[in-house]
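Before we start, here is the structure in question, set down as structure tokens.
When the chains are written out, they are named A, B, C and D in that same order, and each has its own residue count from 1.
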Amino acid sequence: MKIKVGIVGATGYTGEELIKTLQYHPYVELSFATSNSHTGKKLSELFPSLSKWRNLSLIESKPESIGDVDVVFLCLPAGESFKFAKYAISQNIKVIDLGPDFRFLNPSNYQIWYNTEHTLPELLEKTAYGLPEFFRDKIKNAQIIANPGCYPTSILLGTLPLLIENVIEADYIISDSKSGMTGAGKTPLQRTHFVSANENINLYSPGRSHRHVGEIEEKLFLLTGKNTKVLFNPQTVPVNRGILSTTYCKLKENTDKNIVYNIYEHYYGNEPFVRLAKDFYPDLHIVQNTNYCYIHILQPESTQFLVIVSVIDNLGKGASKQAIQNFNIMFDLEETTCLI
Amino acid sequence: MKIKVGIVGATGYTGEELIKTLQYHPYVELSFATSNSHTGKKLSELFPSLSKWRNLSLIESKPESIGDVDVVFLCLPAGESFKFAKYAISQNIKVIDLGPDFRFLNPSNYQIWYNTEHTLPELLEKTAYGLPEFFRDKIKNAQIIANPGCYPTSILLGTLPLLIENVIEADYIISDSKSGMTGAGKTPLQRTHFVSANENINLYSPGRSHRHVGEIEEKLFLLTGKNTKVLFNPQTVPVNRGILSTTYCKLKENTDKNIVYNIYEHYYGNEPFVRLAKDFYPDLHIVQNTNYCYIHILQPESTQFLVIVSVIDNLGKGASKQAIQNFNIMFDLEETTCLI
Amino acid sequence: MKIKVGIVGATGYTGEELIKTLQYHPYVELSFATSNSHTGKKLSELFPSLSKWRNLSLIESKPESIGDVDVVFLCLPAGESFKFAKYAISQNIKVIDLGPDFRFLNPSNYQIWYNTEHTLPELLEKTAYGLPEFFRDKIKNAQIIANPGCYPTSILLGTLPLLIENVIEADYIISDSKSGMTGAGKTPLQRTHFVSANENINLYSPGRSHRHVGEIEEKLFLLTGKNTKVLFNPQTVPVNRGILSTTYCKLKENTDKNIVYNIYEHYYGNEPFVRLAKDFYPDLHIVQNTNYCYIHILQPESTQFLVIVSVIDNLGKGASKQAIQNFNIMFDLEETTCLI
Amino acid sequence: MKIKVGIVGATGYTGEELIKTLQYHPYVELSFATSNSHTGKKLSELFPSLSKWRNLSLIESKPESIGDVDVVFLCLPAGESFKFAKYAISQNIKVIDLGPDFRFLNPSNYQIWYNTEHTLPELLEKTAYGLPEFFRDKIKNAQIIANPGCYPTSILLGTLPLLIENVIEADYIISDSKSGMTGAGKTPLQRTHFVSANENINLYSPGRSHRHVGEIEEKLFLLTGKNTKVLFNPQTVPVNRGILSTTYCKLKENTDKNIVYNIYEHYYGNEPFVRLAKDFYPDLHIVQNTNYCYIHILQPESTQFLVIVSVIDNLGKGASKQAIQNFNIMFDLEETTCLI
């Protein structure tokens, strides 16, 4: 028994990662894949070393292309998922959206951060935010999964348990995040030119200006009831894949690093994809091409600060592999299928 | 006494390198610089660490922008130098063209390789091919300098003395060349995207299809009277600057590596920018940000093959610094001024 | 039913790649892994994202460590496999050697190229050279597999069919090969320091001095009866994984590129891991982390030269994944198991 | 009139940068250079593209090698400068020490952070901390210059004016710093191997464990009288040169970003090497190979946080070029000589 899957926007980095991972999924049949820039080409022309689905031809990206499938993955920029999601839901097809359009529970937050009207607020109650460690039950029963942003995944996994358990100050957190260049998207721009990015570090959208700030703040509020301000400085570094987020927060009195590890163990002890790096500093190599998040913490000597170092692959746990984790939950499969 | 200089196309990689090098030239005054993409901006906005000419504003790229100067450097794509050169010459302004439009002595060769009509064949007799090691006298008296292509510079310096002195077979040479990504130009394209080029090697225009084949073959014929076929395989590697060309040719009978070194010493012993690497394999590091070409040769054991390894910086001896060397010759200055 | 496997030298790059790939092999049980530099550590300490065998502790590298297994993979430097192979064979344990000690059929060739006596010539008749495309039958029945060198794999796959079918001149071939830095080994040296290799290209052991010349020449002779001289220039480029070999040879009269493609199709049409790139230039990205070899050919216009561009992952088809392909053949399993 | 200069430890990254920069200094004569790993070699063997001093032979690194010079630059690891400095001072030779041995005013701080006894406390009163923007007068008259650490330079330039002027809270600052790999030293180690560092980010000595914490804290105390705790997380990224430090601090009430810029302009308006990047985010490219520090600040919306982004070249303003700036001050030369 196969689950029939479609992918809209299959030739960007997240679409490619989805296809290359799903080919090893024993229960998935890829029924269609769309691309406006490569319509008509076979998948093997774009991804020569693909093992399965080599002869599948890319079709045009339009809602009606979503044919007879059980679920469709949407890999589209902001504002472009609405019409596809609407059509899919109308056909009783589940949606896993890797873009941002359904990530906000509150549509007016979406409007503020994306400067675009949310045209489908009525679907938000059928939507789950696809961070399984905190929303697994909702994911099981949702019709739409809003797959989290890459930076938010790395930061929320580090901070949520601590804010929920009330061991860090809730007024603000500071997150200094470094991302590989696949995080900047596939469109050729001056700043994504090899010569611009190589031998360089580039800060962008710092402070509270990056859209992921809104996503993180809403989720923190949702789960803790507190308004936590997120100071967020994203920087690209000259690597292809991976995010390392260093998050600075303040431990409450009578709390320390050991209590934090206990909380993490409580929250993540049974989680297949979140691991504590107690004895080493996690780097990008250990998470590249995986769905893992590794977390290390430190409490600088004679301070009440807590530094949380969390690493993920921005295309793994930060996008496509987490989407597959959500898919597995949604279809009641072993959650780690094709991910370990 | 200053020589007044203008630069057309100042914000590409070769224009930038020109400005950054010329600021240390004691006899140069930069009178104007043009850019269509950045008209109106000050040089300091584009090149923040510039020491001189910080407040010079970029003007529009059009022939009439070439004002009251002694010489103009043209940093333009194929086919775009003609009208600027024509205007400059009409104003008695010398031209150093870093583009390909005047590199062919024979305008029909230009037409064949660039698929564009050569509109100024009458200027070719006032033009020198700016490879000082072989055309110094012509450069002194020319009104137009056709600054050589980057790959041709690396290959001609290695092979010309040997073909002139008749110690290698003249029917063909094979050159396997690797270039940094500044060689691919500043325009953002899918193939110049960081993620495409990083962790990769990309062959392009192989065999006898790259335009530089025509440039090399004409110069070989010009100086030797022989029709030598050039097999040329350019490949980009994930570095910013530098070219390493490995050229394979066949030694004539009774000739060997030592004779070749003697010939090189004869030709280059007094040259300030061509050096023999007798005891080590030259790499990109030793030429980056310089105007040097280093040449190493080897004769594989029990063969009559000769392998010539030549390295340059594609923006140095392969473009802007060689242009300044030509400028120094043209204006009767110490040839190494601001280059060593 | 599981096949019990051991790995000697498990913490170098080839050992790591073996373990990470074999964990997805449905018929493999890893019984032991050795390492002198990390004896006593668990695999999960070295490879945190490993899914299987996390608690297996590394044991000392000595012949007697080879316990109750069906096959042992040896990942050792030149000269160090002999004693392990001898012990394994004495225990009726099969050997897949990723090092060079058994790659020469003729032990005196080994001595010439490795400057070390071959201490086990009597085992060479039980040995197969593990290039399945040419030695599959021998591999099936061998007790020792000499897994080919990385460069030889890329060059032999391109040239062997053409020399066997007599369509290229046999006197010499020229191969200009570029390799990622894992090819230089894991030992920290000045030349493997990040700052030395980054933004650089490094030629080493050029001409006919690299040991892989001997390996290639012996195999060419073995299968064609001709003495072909190999000119080989290896160069490292700043990427982690991958080899791109550009091989230059001369087509015989009345032969052309199309005939060559036909020959390749005859030889490789049913091969699972050798693919022809007819319509595109293969790059490193398409082979990284795979067992594929892609081959593209071109015949430069109006010449009888043939340029063969072959790409592999030096740790994939160039080492560990090819070793697993050999393992699959040896144990009569589907040849592509855990490799596609 | 030339100033005679010697360099002890000339073949590490800082020694190399010193020589390559000083060759353009019109008043410098290099009298000797020492190296234990390359004793007897000529400078041209190590640095082939050097213009001056090519035939100078490296001599042994021992105090008595410090001959007839006016000043000696010491490029040595912790604990190794003492005996050289002692000898030089005894000969009335000035010292510019690029290592850490004289950076602490208080020798017991040195002992705490370097776990080594300070054997020359009596020389500390003749020593100036070589951050010209704050200690120019002392530098003019010192006999020993303790050239600042690379990270401290980037962090102190951003924070000192604000702490002195009392516009940020003094209890702590958080600095998240990213450095290129030359910052990790030239010794080949597993973590400096290309394959380890490439496609990676590596956190090391985080919290309050890096020795530069002590250096920064002492200087902050010295100039402000306040005990400010420095939380410091250094990370290496896969580039050769450059540091980007993101420093997080809290603005006092009634203070804002504009006041901060005014303070910077007061402090740095006449400084030749510290520049404010008001309208752009500084990156590594603008400081590589220069002595500049660029500073950008931001105050995240609706917060009293201040984020200071400061960039330098770790071998430029972070080491050798700042040493030359100090040299120029010490010898009463134009401060920018050979640096702009």
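Simple rule for what comes next: contacts are C-beta pairs under 8 Å (C-beta built on N, C-alpha and C of every residue); 3 or more make two chains touch, one makes a residue touch a chain.
Keep in mind it's a predicted model, so treat the numbers as computed, not measured.
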{"item": "Farthest chain relative to chain C (centres taken as mean CA coordinates)", "value": "D"}
{"item": "Contact-richer chain pair (by C-beta pairs counted) among A-D and A-C", "value": "A-D"}
{"item": "Centroid distance [mean C-alpha coordinates] between chain B and chain A, Å", "value": "47"}
{"item": "Mean-CA-position distance for chain D and chain A (Å)", "value": "40"}
{"item": "Interchain centroid distance [CA atoms averaged], chain A/chain C, Å", "value": "37"}
{"item": "Shared-contact residues (touching 2 or more other chains) in chain A", "value": "196, 198-199, 238-240"}
{"item": "Contact footprint of chain A on chain D as seen in their complex", "value": "172, 174, 176, 178, 180, 196, 198-204, 206-209, 229, 231, 233, 235, 237-242, 244, 246, 248, 281, 283-285, 288, 298-303, 305, 307, 309"}
{"item": "Interfacial residue positions of chain D with respect to chain B in the complex", "value": "48-49, 51, 199, 275, 277, 280, 282, 286-287, 289-290, 292, 294, 340"}
{"item": "Chain A residues touching chain B - in the complex, by the definition given at the top", "value": "13, 181-182, 184, 186, 188-190, 192-199, 238-240"}
